[in-house]
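Everything on this sheet refers to the single structure shown next.
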Amino acid sequence: MKENIKKIKVLLESLPYIRGFAGKTIVIKFGGAAMTDDKLKQSFARDVVLLKYVGINPVIVHGGGPQIGVLLKKLGKETRFVNGIRVTDADTMDVVEMILVGKINKEIVGLINYYGGRAVGLGGKDGGLITAKKLVVKGEEMGFVGGVDSINPSVITSLEASNFIPVIAPVGGGLDGLTYNINADTVAGTVASALNAEKLILLTDVAGVLDKDKTLISSLTLSQARSLITKKVAVGGMIPKLKCCMEAVAGGVRAAHIIDGRVEHAMLLEIFTDAGIGTAIGLKN
Amino acid sequence: MKENIKKIKVLLESLPYIRGFAGKTIVIKFGGAAMTDDKLKQSFARDVVLLKYVGINPVIVHGGGPQIGVLLKKLGKETRFVNGIRVTDADTMDVVEMILVGKINKEIVGLINYYGGRAVGLGGKDGGLITAKKLVVKGEEMGFVGGVDSINPSVITSLEASNFIPVIAPVGGGLDGLTYNINADTVAGTVASALNAEKLILLTDVAGVLDKDKTLISSLTLSQARSLITKKVAVGGMIPKLKCCMEAVAGGVRAAHIIDGRVEHAMLLEIFTDAGIGTAIGLKN
Amino acid sequence: MKENIKKIKVLLESLPYIRGFAGKTIVIKFGGAAMTDDKLKQSFARDVVLLKYVGINPVIVHGGGPQIGVLLKKLGKETRFVNGIRVTDADTMDVVEMILVGKINKEIVGLINYYGGRAVGLGGKDGGLITAKKLVVKGEEMGFVGGVDSINPSVITSLEASNFIPVIAPVGGGLDGLTYNINADTVAGTVASALNAEKLILLTDVAGVLDKDKTLISSLTLSQARSLITKKVAVGGMIPKLKCCMEAVAGGVRAAHIIDGRVEHAMLLEIFTDAGIGTAIGLKN
Amino acid sequence: MKENIKKIKVLLESLPYIRGFAGKTIVIKFGGAAMTDDKLKQSFARDVVLLKYVGINPVIVHGGGPQIGVLLKKLGKETRFVNGIRVTDADTMDVVEMILVGKINKEIVGLINYYGGRAVGLGGKDGGLITAKKLVVKGEEMGFVGGVDSINPSVITSLEASNFIPVIAPVGGGLDGLTYNINADTVAGTVASALNAEKLILLTDVAGVLDKDKTLISSLTLSQARSLITKKVAVGGMIPKLKCCMEAVAGGVRAAHIIDGRVEHAMLLEIFTDAGIGTAIGLKN
Amino acid sequence: MKENIKKIKVLLESLPYIRGFAGKTIVIKFGGAAMTDDKLKQSFARDVVLLKYVGINPVIVHGGGPQIGVLLKKLGKETRFVNGIRVTDADTMDVVEMILVGKINKEIVGLINYYGGRAVGLGGKDGGLITAKKLVVKGEEMGFVGGVDSINPSVITSLEASNFIPVIAPVGGGLDGLTYNINADTVAGTVASALNAEKLILLTDVAGVLDKDKTLISSLTLSQARSLITKKVAVGGMIPKLKCCMEAVAGGVRAAHIIDGRVEHAMLLEIFTDAGIGTAIGLKN
Amino acid sequence: MKENIKKIKVLLESLPYIRGFAGKTIVIKFGGAAMTDDKLKQSFARDVVLLKYVGINPVIVHGGGPQIGVLLKKLGKETRFVNGIRVTDADTMDVVEMILVGKINKEIVGLINYYGGRAVGLGGKDGGLITAKKLVVKGEEMGFVGGVDSINPSVITSLEASNFIPVIAPVGGGLDGLTYNINADTVAGTVASALNAEKLILLTDVAGVLDKDKTLISSLTLSQARSLITKKVAVGGMIPKLKCCMEAVAGGVRAAHIIDGRVEHAMLLEIFTDAGIGTAIGLKN
């Protein structure tokens, strides 16, 4: 009994957060360790279902992962990378879409449903959700690597109206009728802006944005974030993540978060505790 | 951090219960120690708000309490009891209504609102919610003591449609245009039936229904409950409470619970843990 | 038959008024003789029901009355008045709330229902309707005497959507969690503004606003009303009533009326005859 | 003032009737003197608008009148009558439809709108409202004289949902694509059944159904009405009117009334006074 | 089979047009040969039903025709014309309304229903659709000849919400309570503006607007149209038609078309083929 | 012009079919040549869009195809067939799901969108659409080959309410949390029953059901179909297709059709011509 009362007290501590986010939309980029580690993956699915049941609307955007490379290798297909981005020819794109939409997406949908949610998987072509545009990186032809031209969120809002949880694969259809692979962070950020989301959460494999002396920065304004890039404190893969967050906030998202997906329940820790976790980017500190 | 993760885990343990009761109505009779003890009272209000925010529809019916006697005494008004029920003349009824509707009800409304809910207090005359009928106890005239003739729940459903939390004082209007004081358990039970509630919870000052050897009975079918009364195992104040629960279950309520309101968060313990608390009355064990 | 035909002709004379006010909201401050005299009180309730049935939305705000003093006296509680306002300590406030919300309000609800309406009584704490602020009068501490900080009319609009008639007691909850007694005219005026009402009607115990030579002024513009106050033609209790009307009109109410509640059906005479009754305050004469 | 108070009292006397018929549909057959006399006609239009504004849904079905004969005569067209019904050839039918739909109907629509209502005129072909079938009277070919095969009330319910007042001309389209003239009482009765109306009111040029000794019978059960016909107490034109009322009541209409349209406001006298007027046919006396 | 495949291919060619006009409103002035020739008339009705079923909302406005003159002559009534407009006294207006509303309108309604549509006929007085104003032509009294003062399209939108097809006779009610005959092109144009229609189509008895050398002009901007009138290229009856189209386009209609109603399916040819037919007036060529 | 008029006439011939199927649901199993031949595939997508735009609700269920075998072979994975069904181990199932959901499904979605529709692809796990059960064929373990346990069509009805076109891959989630490959005909048939569809259309690579003398049977009742199977007239792959159709008809689908998908526009020929195409199975001939 004592144990149970302690539990109820903990439940009650979440009330202010539940109240604060009731009816709000939170877009979560699901990727990295959180997506490859079985235990983290299951935790994540259950966390998403909890969010839905306490009245918050989660929208999941997932990335790809090692599975693409594995299948390409099995098929004897070699890949070249430019600036960390896979140059994607038509055959590679086929494999990428199959893995993203036909495997990873459905695995997540299945897991969420297993924990009692009602997820619906979407590729960017479904309902015309994501219109892609060809991306050119440093003047190099990248093939079927695209950026986001526009987001038409009507299929998401239709599904949310019936309490489904949308799970989005980062693939878009071009006006040329072709299919493009898009960076999942970019998709998450533009979808969050299009939905006027309360939060954008990027699950990553780092603790967050670090200072010169490698200590975690817990919050950043847009100008502070800009300065970090200019001053080359933020480097490497963190730069596009920071930019993605900054654009989302500039596009109307209340706050964007870069958090450590290697920590179990990282997303809930961010949402349901005052301490938060990782780095928050917003209009104000 | 570890502490926080532990908390999140506890939060997640409540998911199956939240999922199970999503969108369901739970009618709670609020009374006894839970209503007189300041700490328990505040706990209760916060618990109610939590229920609402995780998607459950609580409907509160409160009883009176020592305040009625105190005011009657201050006014030099003496009272006679028959079978434990106060014989209520017109002047006494005035005092009863004022305390129930004008003081206790508003205190509960205020507390719930303080914790972030949106409560609306209702007497039985509001929106024609409770039509009362004169009660005759053992052939004796009880004055303005009434029973429930019928429940018109439209004012409750209107308020719930706008996410308000109804808080009901056990007072009803007779077809004779007069006002009657009604037993709060009876009001809670008939309101629960009229709303086809998932649960009726009676907060009492005992641990639940006890067996011959004074051990708590954790669940009872209707026929087991009937037998307890026939065999005089259930005695005294427990008999009307048991009958109230049995009628509610017979009237369509999924389960009725007699629980110990002296335990903080008793209601949440009943709803959010498998162990439950007190005695459950249902169609099956 | 002739008699009946005459009656039908009278009924038809009301058509232009019924048509003109169809679907509009009229806020009525119910108080004074109209509320204390039994016959006038019953008349008033029936008049309100008629308004509702011919398609007008009445919202009632009632005042207190001699009953507060009577109960305070019975309880041996003495009261001090500053500027005609009762200095209200915590105990007194308890009595005030009990009488207003638990007795007078429910009496009016009961009467309206008796005549076939469906009234729902509301204190200012219900649904967060009235947020009160502490009032300081001439530098003196008045205790739990408050003014209106803000009105959240959502509980009224929810009830009106289901054709209930809201009856409001002039009590509000402060942000401090405490309860305040508020002048009923003030509540009526601010509620009328918040609802964008067509009319605000104050039932008083005088014929209306009188000129220097004690003749009734049938209509006033805002500047004429202001001038009456400046020139000290309007004096005493009329000044706050006039100011209340002026603020309501400035706040978007089409017309405010100070009428003689001692006249039976005064409210209907104002609404359903061209002659009107009492004094109208509007943007134009 | 006294005069005005008297008027208000009269208005209040109508409250029980307004309350009783709120939201109900009343189908009125408009014809005879009420339709030919200018003053009665205007009175009728205003009465209809009053009904609408106090929350009752009037549906008007009008008959033809002397205007048909006048135009036929001007056109040099002779007519033969069988059993009081005009044998209607194709040319005559053209004239009949033009007068009914293009003249009488629009006059009524215009008058109702003039008094502040929003009427929409309908012929039986509009929205497929009335499907007609050829009528054979005593083995004689009557030409384009029809009966009601079926009523599709969807155009009426669409218009009522937007608060329009439907005004129906007694003309129907056959499955053969041709147009038929139908007895207006029959149309009113079948429309009332199809709408599950509260009342069917036939405005006639007689006081109502008379007894053997020529005194008015104020109410009849179905079997009493049947007996009147069998015993030949009801004769001539009264028989079809009685039958029409009996069928309507058998078809679900609460009460049918044969009243004297020569009396100004006859319809309102029937609806708004206890005495009523004319003869009521219902399941019970 | 081959034949059938060819047909399906044709059906598919219409897809881009169906897609382009889905959910849009098209107002069609029905008149001239299209209305007097039996085969064209039936074709037209079927064409209208097709439009409705492929998701376009047709609104029909019909003119009068030789039938008015025929009936006036039969009745021995002589008519004078000023500027091609019939001087209309009260008796003539009666005949005009009867023919338009009671005959022509109902014929069209009947035909559309025969082909499976659900048409509802409306005169301008129905639901207060058209408010007319007296027209004075070149200083001469024209009697009951009117222009459009205002359009209240609520009865049309109510009927469209239930999938009825509105068919409008060009008759309006003046604020004076009288009825006026209005030019059908004018009614069609103003109704099209009030509905923000996609297209206004005038069915005429000419090929369209002709150039100086009598060749058809297939499209005109507003300024080109104005210039045609100024330079007297457009003459006679074409001028009011052009002006009507220009006003409609200026009033928000996307394109207005003057097409040859003598060609079977002219309306569908305009809507469903790229070539179009007749002359289009729009903001751009 | 003549050409265009001819086209319009053809368009009009489709009116009775459009009218007859307005608002109805048609479930189409897309497979065989229709899905592998580029031209047929594009035709099909355009045909689907046409159906949607003329007011019919198409629901597509697609099969797999040679692509699965190709990829399996590339991956060096061998497959065994039992009774024509691929024995599917976990790795094979992965490939099957990727191809069905991630490639074929998205190709169809892309094509439909290209022609102006708004398609949304669904696997059976999305929104819990298809619950699968393990299939045992002739006592042999088939691995992840499943049957339909139940259909929850709520995700389809949500998408149709927003005018999206659902495209379903024949993959279902078992209660064991695993994924199963299901025969596409079976999915189409059970989805059609669950939706109470008007038609089920199976696109095949044969002309339809053939008689003993190899002539096409154009229609079959349930008992005639049963008899064909009993008498071994229907053999091989036709038997499961016939059974699928029979179950759909028994389950409430109005008619089921086995048609020749090798014929361009076969589906439209079936829907929009009287001759129909292939074999229809229904309650009556």
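Note that the chains take the letters A, B, C, D, E and F in the order they are written out, and that residue 1 is the start of every chain.
FYI, a contact is a pair of C-beta atoms (placed from the backbone, for glycine too) under 8 Å apart; a residue touches a chain by one contact, two chains touch by 3 or more.
Here the structure is a predicted model, which means the values were calculated and not measured.
Participant: Counting residue numbers used by both copies over all numbers at the interface, does the chain D-chain E contact come out same (over half shared) or different (under half)?
Facilitator: Shared-number fraction above one half, so same.
Participant: Based on CA centres, what chain would you say lies at the far end from chain E?
Facilitator: Farthest by centroid: B.
Participant: Since chain B and chain D are copies of the same chain sequence, what is the angle of the rotation superposing the Cα atoms of one on the other, rounded to the nearest 5°?
Facilitator: 120
Participant: In terms of CA centroid distance, which chain is the most far removed from chain D?
Facilitator: A
Participant: Any idea how many Å lie between the Cα centroids of chain E and chain F?
Facilitator: Those two chain centres are 45 Å apart.
Participant: Roughly how far is chain D from chain F, centre to centre by C-alpha average, rounded to an integer in Å?
Facilitator: 56
Participant: Taking the mean of the C-alpha atoms as each chain's centre, how many Å separate chain B from chain C?
Facilitator: Taking the average C-alpha coordinate of chain B and of chain C, the gap between them is 35 Å.
Participant: Residues of chain A that contact two or more other chains, please.
Facilitator: Within chain A, no residue touches at least two other chains.
Participant: Based on which chains are in contact, what kind of graph results: line, ring, star, complete or other?
Facilitator: Contact map by chain: ring.
Participant: If we count contacts the way the header does, which residues on chain C are in touch with chain D in the complex?
Facilitator: The touching residues are 1, 4-16, 18-19, 22, 46-47, 49-50, 53-55, 115-116, 263-265, 268-269, 272-273, 275, 277.
Participant: Under the definition above, what is the set of chain B residues touching chain C in their complex?
Facilitator: Residue list for chain B touching chain C: 74-75, 94, 97-103, 105-106, 109-110, 113-114, 118-123, 125-128, 154-155, 158-159, 161-162, 164, 171, 173, 177, 179.
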